[in-house]
Amino acid sequence: MTVKTYAEAVVDALSGMFRADPNFHAIGRGILGHGGHERHAHALMKEFGHRFTDPPTAEGATASMGIGAAMSGCRMFVHFGTASFSLEAWNQLINEAGVAHSMSGGQIRVPVVFHMYHGLRGGGSGQHSTSPQGMMANNAGLIVMQPTSPRDVKGMLRAALKCDNPVVWIDHSALLGRTGEVPDEDYEIPLGSAEVKRAGTDVTIVATSRAVLWALDAAEILAKDGISAEVVDPRTLVPLDENTILTSIRKTGRLVTVDEAIQTCSFGSEIAALAAEKAHDALKAPVARLARAATPVPFSPPLEKAIAPSPESIAIAARRLMN
Amino acid sequence: MAETPKAAERIALFERMLLVRRFEEEVLRVAQAHAYVGRQHLHIGHEATGAAVASVLGPEDLFHTTHRNHGYLIARGADPGRALAEIMGRKDGLNSGRGGPWHLCDRAAGFQSTSAMVGGSVGLAVGAGFGLKKQGKTAIGVAHFGDGTLDEGICFESFNLASILQLPVLFLCENNAKEGQRPSSMLAARALRDLPAALQIETVVVDGRDADAVRDAAADAVAFIRAGKGPVFLQAQLERWPGSHQTRPEFPTGVTDLTLAWDRDRISGTHADWIRDHDGILLYAAKLVAEKAVSRDDILAVDGRVTSRIQAARAFAEDSPFPDAASAADGVFA
Amino acid sequence: MTVKTYAEAVVDALSGMFRADPNFHAIGRGILGHGGHERHAHALMKEFGHRFTDPPTAEGATASMGIGAAMSGCRMFVHFGTASFSLEAWNQLINEAGVAHSMSGGQIRVPVVFHMYHGLRGGGSGQHSTSPQGMMANNAGLIVMQPTSPRDVKGMLRAALKCDNPVVWIDHSALLGRTGEVPDEDYEIPLGSAEVKRAGTDVTIVATSRAVLWALDAAEILAKDGISAEVVDPRTLVPLDENTILTSIRKTGRLVTVDEAIQTCSFGSEIAALAAEKAHDALKAPVARLARAATPVPFSPPLEKAIAPSPESIAIAARRLMN
Amino acid sequence: MAETPKAAERIALFERMLLVRRFEEEVLRVAQAHAYVGRQHLHIGHEATGAAVASVLGPEDLFHTTHRNHGYLIARGADPGRALAEIMGRKDGLNSGRGGPWHLCDRAAGFQSTSAMVGGSVGLAVGAGFGLKKQGKTAIGVAHFGDGTLDEGICFESFNLASILQLPVLFLCENNAKEGQRPSSMLAARALRDLPAALQIETVVVDGRDADAVRDAAADAVAFIRAGKGPVFLQAQLERWPGSHQTRPEFPTGVTDLTLAWDRDRISGTHADWIRDHDGILLYAAKLVAEKAVSRDDILAVDGRVTSRIQAARAFAEDSPFPDAASAADGVFA
């Protein structure tokens, strides 16, 4: 075990894969963003820079090239940058990567990991702040993952890179600097396994990606009030580990969902629906959903802040369920 | 230029294209018998191009096709029985019934995903070229697509990528736009090739009715690409088969009568022009006979062989059951 | 009142708008599909064909042209054909049409109606059967509508065409031949108003688009068992008429949602979540969700049939809630 | 060719471009004072092009710009105070604080939505051209974009649409790719203009540092477009300002010292090359003085006026409060 940043754990997983498989290639640069963590990729780029291809600004064809290369026998990593740009390749993700295996009757495999940064980033405004995880999950044939801790990202990215299916990794740049213990050895965390990030007994908070950080902070606030919150991180949206989530809801009888995306048809709504369907008898209170307000993201800092859930708003919602 | 091929090679090429024609006619017959076959985009009228290109590719070359894909599968050796079964949604279909007519796939015959999204095949084939190059193989990626495809931005982007990265990709464009009709393509260029040419891609235009010409042009293009000189845009000029726009299949040109190849006076009817001037199969049969490369009987003997293969294929497809409904959601992930 | 088909009602609304506003223009043809109902558009095309522009196969730029033209002072109708093709313009819909009004501080208006046919169509296979309504609804600034009856489509399309906001009309070709009474006079049905399509007391079935037909058939089946089902058609997904939906759920205490889309993060999930959040106390049973199985649509007819909800499967789900 | 303009027009043009420069410098100063201004893509080094193009457009012409938009707004008369307030996210900003630096919008000054999606402005401007044509207006749509934008399929598709439909659109491409550096554009074409030219769009390339040349070329292009002859692709050659790649703003070339226009020996430092050869503002000032169109003092007087406008703008922006957080989700629908 070594304490590392999330950014360093990403590099661990990628360099492991570059070393292990000469047919592993990456398209796109700036995989650790431009906020200071890119320095962790220097050694990686020095050793494996020639395995990276710098594409033109053409997200559709870039995605297609990754998909076609994967079909031809390579394993591919395609970096989109901001998730908003991935909408330029939406058709390629859904109508090409997602369907090829099934539609070919199992003949074709598409081992690609697509990587993008979603969410509120400070000044991203209406066109650089998209959180498309709910939209992505509303399709078949695409694994959707959102690891949140350094340990998770190493294990899940390793699993994703070895997976024979397309994986869409909807990342958040606010996670890059998070530190935590990361096993030194190679390991994989199976895609489709949730994790209880904090155990509790009174209320379950299901959150993904950066919202897990808000949820953990909310749990601290609630603890001071004597409310014991359990924070469940699905980690993979598709396929979903319903079991871990439902077990927690059955235990606490209360559910708060937190999502950085717009609420309508969001992943938070999916979890709330799951509870209503499969844990109805256990629910002692209405489900509470927190999500980004349904507006294009406004630029002005106080407005951008106001539209997002926060540890405080989560704590308030959870507290309300206790009465 | 490739050497003039032997008669045996030419008759083999003729057999390849006739197999496609008889296959597509069988698809229409099945549809007329009200068996379910989805919506059809047949390769009738394109066979000379498809078979000729298929004849110069190796089994390692990776092909991405469009909605108009049957011809390529059959010409490259996919089993006609399993292909027809797929078109009919049967269990023994190439894709186990999950793909249907727009998406025939036979990995063993070098076919990757077939995309019915206009432009889809182009981007994927560029990926195949990228992957094959990275794997150090001499195989190439092939994108088959129609003239209308050049309108899509993904097609332009993919040309650009292939050119920048000098990828081993053959862009095979079947231009079936008929003068005077609304073409599939609305490209503002003077000629389709102007777009790839502007992106510094080598371009070749060939008469797509002339199987020998297509074979030679394709052989040259493939040699160029395998030599690492970058992608080639090969455009085959064709004229859309009069039956190709029907939502409900018909035989506007009738079942192909090979004797018309040498009995040209008997060509008649509304679509006589197309049959006389644009049917690459009749043109090739006529040429082979005229050049005495083969006899009329050789031609008819080929037809006999082909027709019985297709009959067997139909029997196979019709015998195949529909997949079990309980399996409907299986096989989503590898 | 005249009995008309849905296709005829569409033509009514469009020709009314062409007549009323010389700055109203359409891009794309084949607005009534290719299944036989296109004949209803003949008169329309004869009179207003010159107001239609035939675009190249380039969905992204076609959408952008519609958006830009709308910003410049026209009212626009943009027809995509199959909804799967709209994914090629996903970026334009979300990052351009949806955000422009808000992002400009209210200076810009984008009066465009985008039209597309979603869903299972018989042999559409993996690339021609997309039901993107859930994805579309997971965004801000776009109105999403799915009228289902001849009367609704005339009134809602008229409202959409007069609306100053972008409206995404996710239509279903199976509705085109539906007949019903349509008022002869001009009228608008406000976007954001649901309708109870059949009144009942035991169970609420919330369904959209073609699924409304399945739900109505299910209600017939249930009636024979003595179960009184209420069928609620939200008609507009965004903005959502929560009130009508919640009133019904509160009345019956039971909810079945039916969606032709894939379930995860679908509109059906949204309605289930809404119930769990705002009608929890009224729910006498778990919520039941019916949706398309999470697979690329298989071509083979029995497989395509097997993945979709049906009147029978809806009735079974509803019956289960009664115990 | 347009007639040689009068001195008054030229000094007005100079004032327009200097206003942009001083505005952008002020944005940097505000950022250095740690006031929040988001990420900046400044128009420094592009002013000669932007101001010259703005000078030949009428108030009815509709402009769609990119992430690098400030210059156009200011050059076309948007209020610098409200523009700066927007960049600072203030209530009195042009977009009421909802847009920020990438999305300045001033409908009254003929600006439509500004798109920071690469390629966005091109498609929208084609729509503007379409709409204006349908409305029977003589106004035109203008798309501003950079060289990198040509890589995006939407840009190609939009060119094609404009050409097919012969729409009144000016495609204004600022090519700031510096030889030898990684350019924004990775187009495989020999020259950027090869792409629009292949689509039969009229193309013109002009030295983007030379305000007179740009004004003349733009005037000709706009006359051509207004005459209904179809779209024009006007490419301005520029060299990227050394400061433009910083994530944290700096003044790598210093605050512009106008006296360097006639005191060229004093140009020094790491970026002397850029200042001497690529700063269109200094070049124009030098030219006007050399041609005796204006005096040095005239130039400095303009700077005085401009600088006080900018100071007032900053005061206005800083005085403007942030919008009320309670309004965060307001105004989504019209």
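Think of it as A, B, C and D in the order they're written, each chain with its own count starting at 1.
In this text, a residue touches a chain if its C-beta (ideal position, glycine included) is under 8 Å from a C-beta of that chain, and two chains touch if they have at least 3 such contacts.
Since this is a predicted model, take the numbers as computed values, not measurements.
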| item | value |
| --- | --- |
| Chain at maximum distance from chain C, centres defined as averaged CA atoms | D |
| Between A-D and C-D, the pair with more C-beta contacts | C-D |
| Interchain centroid distance [CA atoms averaged], chain A/chain B, Å | 42 |
| Whole-Å separation of chain centres (CA-atom averages), chain A against chain D | 38 |
| Chain centre separation in whole Å, for chain C relative to chain A (CA means) | 30 |
| Residues within chain C bordering two or more other chains | 55-56, 58, 60-61, 84, 88, 91, 95, 102-103, 125-127, 140-141, 294-296, 298 |
| Multi-partner residues of chain D (at least 2 other chains) | 93, 95, 97-99, 103, 115, 117, 120, 151-154, 157, 160, 164, 186-187, 331-332 |
| Residues of chain A that touch chain D when the two form their complex | 34, 54-58, 60-61, 84-85, 88, 122-123, 125-128, 293-296, 298-307 |
| Chain D residues touching chain C - in the complex, by the definition given at the top | 62, 64, 93-99, 103, 105-107, 112-113, 115, 117, 120, 122-132, 134-135, 141, 153-154, 157-158, 160-161, 164-165, 331-334 |
| Chain B partner contacts - residues on chain A that touch it in the complex | 23, 25, 53, 55-56, 58, 60-74, 91-92, 95-96, 100-109, 140-141, 143, 164-165 |
| Residues of chain B defined as touching chain D within the complex | 151-157, 159-160, 163-164, 186-190, 194-195, 197-201 |
| Residue ranges of chain C in contact with chain A within the complex | 84, 87-88, 90-91, 94-95, 98-99, 102-103, 125-127, 130, 132, 134-135, 137-141, 237-238, 240, 261-262, 264-270, 272-273, 275-278, 280-281, 283, 285-289, 294-296, 298 |
